[in-house]
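In what comes next, chain A is part of two complexes: it sits with chain B in the first one and with chain C in the second one.
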Partner chain A sequence: MALPLTFAASILVTGLVGVAAERVCVKPLARASPLMTLLATLSLGLVIRESVLIFYPRGADPKPFPQLLPQGGFEVGGVAIRYESLVILGIGLAAMVAVDRVINRTKMGAAIRAVAQEPEAAQMMGVNLDRTVDATFFLGSGLAAVAGILSGLYYSEIHFIMGITGGVIGFSAAAIGGLGNVYGAIVGGLLFGVLQTTAAALIPRGSEFRDVVAFAVVMLFLVFKPSGILGEKSVERV
Partner chain B sequence: MSSAEHRTDLTRRELLQGTSALGLGAVLVPTAAWAQKPTVKLAFIGPLTGGTASNGLGGRNSFLLAVQERNADPKTRYTYETEVLDDECKPTVAVQAALKATSDPAIVAGVTHYCSVTAIATVDTYHKAGMPAMVWGAVLPEITYSHKYVEVTRVNGTMINQNNVAADFAVKTLGFKTFALVHDTTDYGRAHAKWFGEFLEKAGGKILSTQGTAKDQKDYTAELTRAKADKPEVIWYGGLTPDGVRVKVQMDKLGVRAQFQGTSGIKSDTFNETAGPSSEGTLAFVEGAPTEKLPGGRRFLEAYAKAAFKEPSEAYGPFAYVAANLVIDAIEAMGPDRAKVAERLKRTRNPNTIIGPVEFDEYGQNTVSLISKYVSQDGKWVLWEDSEYASGKRTLPGHKFKKM
Partner chain C sequence: MSHDLALVWLAEAAVFTLVVAGILAERPWALGATGAAIVAAGALVRFVPRLGTTLAGAFARRRPAALGAGVVLALALPLALRSSPYWTFVATLALLYVTIGQGLNLQIGTAGVINLAGAAFAGLGGYSVGLLTVAAGWPSWLAVLVGPWVAVAVGTILFVPILKTRGHYLALVTIAFVFIFNILMNNLEFTGGPQGIKNIPTLRLLGHAFTTKPVLAGVELPSHANFYYAALVMAGLTTWVLRRLHDSWLGLALNTLRDDEIAARCCGVSITRGKLLAFSIGNFFIGLGGAFYAVMVGFVSPPDFDFGYSLVMLSVIIIGGVDSIPGVVLGACLLVPLPERFRFLHEYRLLLYGVVIVVMLLYRPQGLWPAQVRRYR
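Moving on, here comes the complex of A and B:
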């Protein structure tokens, strides 16, 4: 019972924080360049992280994460597979399917897609822009909560700066897969992980270069295929 | 006015007021004298944010404790003010902090740096500015041995002695023969791996693999799976606490049956608290004797507890405390003159500090010969000699796996 409660409470709190962040950092900059919005949200992230460091008791230290999943496991060909890894994989897949359903099968999902495509036209068709943007931020932030819990369950520890690397890798994965495409982020994430692990396992002294290899591929994608693996070509009419 | 009239006018109330004023004056005189002492400013630089902040905060608190104690001492010639700066354990930030400290003429000396990457990056800054800086936690040998700057001294030992003892202990005392080395790719991790590797081979140990990993790396599955394939008796990690916790926890999750051995970088309360049961039987090595075993150590720990800091002093807090006291001693003797204080600090010979005798060699390096061996037992770092592992009551994980 502890795990569902953890998920529910974290998704709710983080989702609301996401909505508040949108109101404070994103909405007032609606007419500014996207770079300003990016800087504002990055700054807000820094404020939140440093606040945890300063105001949470001994916030600088990594914290143990409770073991909420069955322990133990088995070996297949010398590879240790833990039960908790299987559960985490299952929860991750369930989250992907749930997002897909919300985006493609619900009225709110249709509104989110419409606003992403053409906000003014969506409004003319009766879509409530504010509510839709709030829902998008709630959904995105709620997913960040899920990712945070899964990371805590997998690594058995959390740290106030744990999101930085995850955020950079997440953005890179989305860029590889195709920005704006939900499945692109999944494919990109998988490819990024495979690149890192392959570099570490197969190249001599490769673990020193795992990030070099993975981020070099991100650069190549940004230069030669900026739309990513599954991204669509965007045509700007003038 | 006649004296008779005067006597008549002196009421009991006035007499009381006069006596009170005299009493108050008597109380205030020493305070006024204290307030009139010239003020000298000292800098503390360490990682106050980021992954190694727990060690930095422990060092900062210990430094502040020393300054508070000396300010409360009526015998001191100066009143000491502090400037605490965060180096985030990042070289670029550290150089900025060092520039800030050195460019303030009121700051006479500094107690500087826990991370080796920051300490080595700032050596030239202190030298060019002529500001004495006493390193309180970084262990990279080059911080003192790559130059003969009068400004840079170090109160803690280097990783050379530490790795010599660690390698000998693992091979000759514990009987382990095969090792997989994992280290972070900072100067700190690389140098630890270099020295440990050299001493290990001299001691008769065999290195099966060496893998460098990024600092603050989250996932060690690839490295540990690769190391596991060689079936080493020991996984050795050269890095700091947050990464050390991840390596140990993930070792257990991946079923790596090997002893875990770290450096002084993982010897923190945070390691045991975060790794939880996984920390049991982990080995770590630190320069100097345990604080509580030293003559002044208990007094330091009691004073630290009384000061009610939020964070523990951690392994290197006593070194920051001693560094602050040595710097203040030098200022008391030479006056607030950077050059004179630097000269004086370089010639430090103090047999009575809470970390034991401190004596600097020609490079400004404290010639600490004692290295303490620790094992994690029931969530606490216990001196090896006092542990149930040494007495034979418990068996190290590495020895259990050897029998399997």
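Moving on, here comes the complex of A and C:
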């Protein structure tokens, strides 16, 4: 029972780190251009990665990740399915449903949506801006921790650099799915994964180039449908 | 006023002496004395009443003389660093970062086009030089001139459609592009994979190879002095060209579209054309820096151009001052040599760059040498 508890603690801590990061380098820049926030958070990411590399014992090496999920699998019509994959898929879907519930069914979710649309008006309606932003960062960072743990369980190893590709892929998936739509992230993530796997299967030495193919498709998507698959086209008023 | 002139030259000579002393001081007492002198000089300018404004006024009134003396001192630097040849290499690297930083500053600072793929575009320049010289047998100087155009071409073709998108998409795609570039360079056959391209022939001028030590009036200069002078010309020209561009109507138009796209469009500024122009010109200079790096070092490999270097390039312009041409020069001259001076910090280099960016953004977002509002006369 110790391991799941550790996981829960790690999700909690990561969420709190996310809130701390927001307090340190997002909130003070609220009045500056969004670009500054982007640069600050990217640099903070660099700081965190380098800190793990330098201060964690032998931080440059991949670390083994404990096994928790049942090993083995079964075969359906020539397709081998690992129990692990099923569990990970299940957890991922459950997380998505939970996020959707929080965003669309709770008061906090309504506050988050209101702040995303128009922070000032939301505050006039009695939304506590600071608390809402904190909650968003807690939720987002906690979900990132879930993803990191699942990735560790799947590959049975973790590495200090694993987050950055994951982060870029995650943003890409959310972008092609449609930013601001929970199910868009699922659709985008699945699409990205299918693209990677197809590339790996169809192209000679494709496993090395699978990310190249997937990112190329993301770029095409941004050209032809910048609002994403499920996103709505936004109209800007001056 | 002739005492302006004396003041300007005295100040520049003092800075030059402190820099050289700071670089060459090895023994603890020498290092301590230099550090104390630098702190004292800083405190003097900061706390003696009117000294700072007097100096600034003198520099403003005597611009040509100040620039001229600056050039003379820059030319004399390898002479002063003769006892430790490695530092000429570091100074050359700083000049490369000036070139790259000016290009990136045009994109990010002037036009607000977030390019986080600086490392990839420098890499395109560098790899083009490697392929053109080693595989195609071109002379190095021609390859260095063609290399940047490869960066421009790839950037233009891939990013024209994406420049139209708003918000963080462009930044995201440029990050993805650095990864794509690295994966490709690591796995393609003709780029040498993880080993990269070795034995890139060096530059030659009138049959004189750049790797031989130049002898000037009987004094032998460090082996990188040739590259230093070439990089000085390159960085100087780049800075001059981009200064002119920044002060022209085009620079103003780019600033407008950076600050408010809708307002800019209402004033007749074509958003896509402006962004594309800034992106392409910037990539030219970033690619030029990468191409020069390739002939200077003689080999290129994927780790030379990974995402970390994009962030280093970015920190150059954030420290110096976003949209500030002299700021970029200052940023590169501070950021590249300092980690070399404190070698025990080498391991923490990227960590410190990250911390520096965050701290600067929070407490001094305008940079050490903030951009000035244009004055039209």
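By definition in this document, the second predicted complex is superposed on the first by the 226 of 238 C-alpha atoms of A that agree within 3 Å, B and C clash if a C-alpha of one lies under 4 Å from a C-alpha of the other, contacts with A are read in each partner's own complex, and residues count from 1 in each chain.
Methods note: a contact is a pair of C-beta atoms (placed from the backbone, for glycine too) under 8 Å apart; a residue touches a chain by one contact, two chains touch by 3 or more.
Quantities reported herein were computed from a predicted structural model and do not represent experimental measurements.
Novice: When the two structures are laid over each other on chain A, do chain B and chain C clash or fit?
Specialist: Clash: chain B and chain C overlap once superposed on chain A.
Novice: Taking the superposition as given, does A:I229 touch the first partner, chain B, the second, chain C, both, or neither?
Specialist: neither
Novice: Could you look at A:A80 and tell me whether it touches chain B, chain C, both or neither (first, second, both, neither)?
Specialist: first
Novice: Check the residue A:A114 against both partner chains and state whether it touches chain B (first), chain C (second), both, or neither.
Specialist: In the superposition, A:A114 touches no partner, neither chain B nor chain C.
Novice: Quick check for you: in the superposed arrangement, does A:M162 touch first (chain B), second (chain C), both or neither?
Specialist: First partner only, chain B.
Novice: Between chain B (first) and chain C (second), which, if any, makes contact with A:E50: first, second, both or neither?
Specialist: both
Novice: Would you check which partner chain A:V217 touches, where first means chain B only, second means chain C only, and both and neither mean what they say?
Specialist: neither
Novice: Pick one for A:P28: touches chain B only (first), chain C only (second), both, or neither.
Specialist: Only chain C; A:P28 stays clear of chain B.
Novice: Once the structures are superposed on A, label A:R205 by its partner contacts, choosing first (chain B), second (chain C), both or neither.
Specialist: Both partners, chain B and chain C.
Novice: Which holds for A:L150: it touches chain B only (first), chain C only (second), both, or neither?
Specialist: Neither chain B nor chain C is touched by A:L150.
Novice: Common interface residues of chain A with chain B and chain C?
Specialist: 50, 165, 205, 208, 211
Novice: For chain C, which residues are in contact with chain A within the complex?
Specialist: Spelled out, the residues of chain C in touch with chain A are 108, 112, 114, 116, 158, 161-162, 165-169, 171-173, 175-177, 179-180, 183-184, 186-187, 262, 307-308, 311, 314-315, 318, 347-348, 350-351, 353-355, 357-358, 361-362, 365.
Novice: Can you tell me which positions in chain A touch chain C when the two form their complex?
Specialist: Result: residues 24-25, 28-29, 32-36, 38-40, 42-47, 50-51, 54, 164-165, 168, 171-172, 175, 205, 208-209, 211-212, 215-216, 218-219, 222-223, 226, 236, 238 of chain A touch chain C.
Novice: Within their complex, state which residues of chain A touch chain B.
Specialist: Listed in rising order, the residues of chain A that touch chain B are 50, 53, 57-58, 60-64, 73, 75, 78-80, 82, 151, 155-157, 159, 161-162, 165-166, 196-197, 200-201, 205, 207-208, 210-211.
Novice: Can you list the chain B residues touching chain A in their complex?
Specialist: 48-51, 53-54, 56-57, 185, 210-214, 216, 218-219, 221-223, 225-226, 228-229, 241-242, 245-246, 249-250, 253-255, 270, 273-276, 278, 310-311
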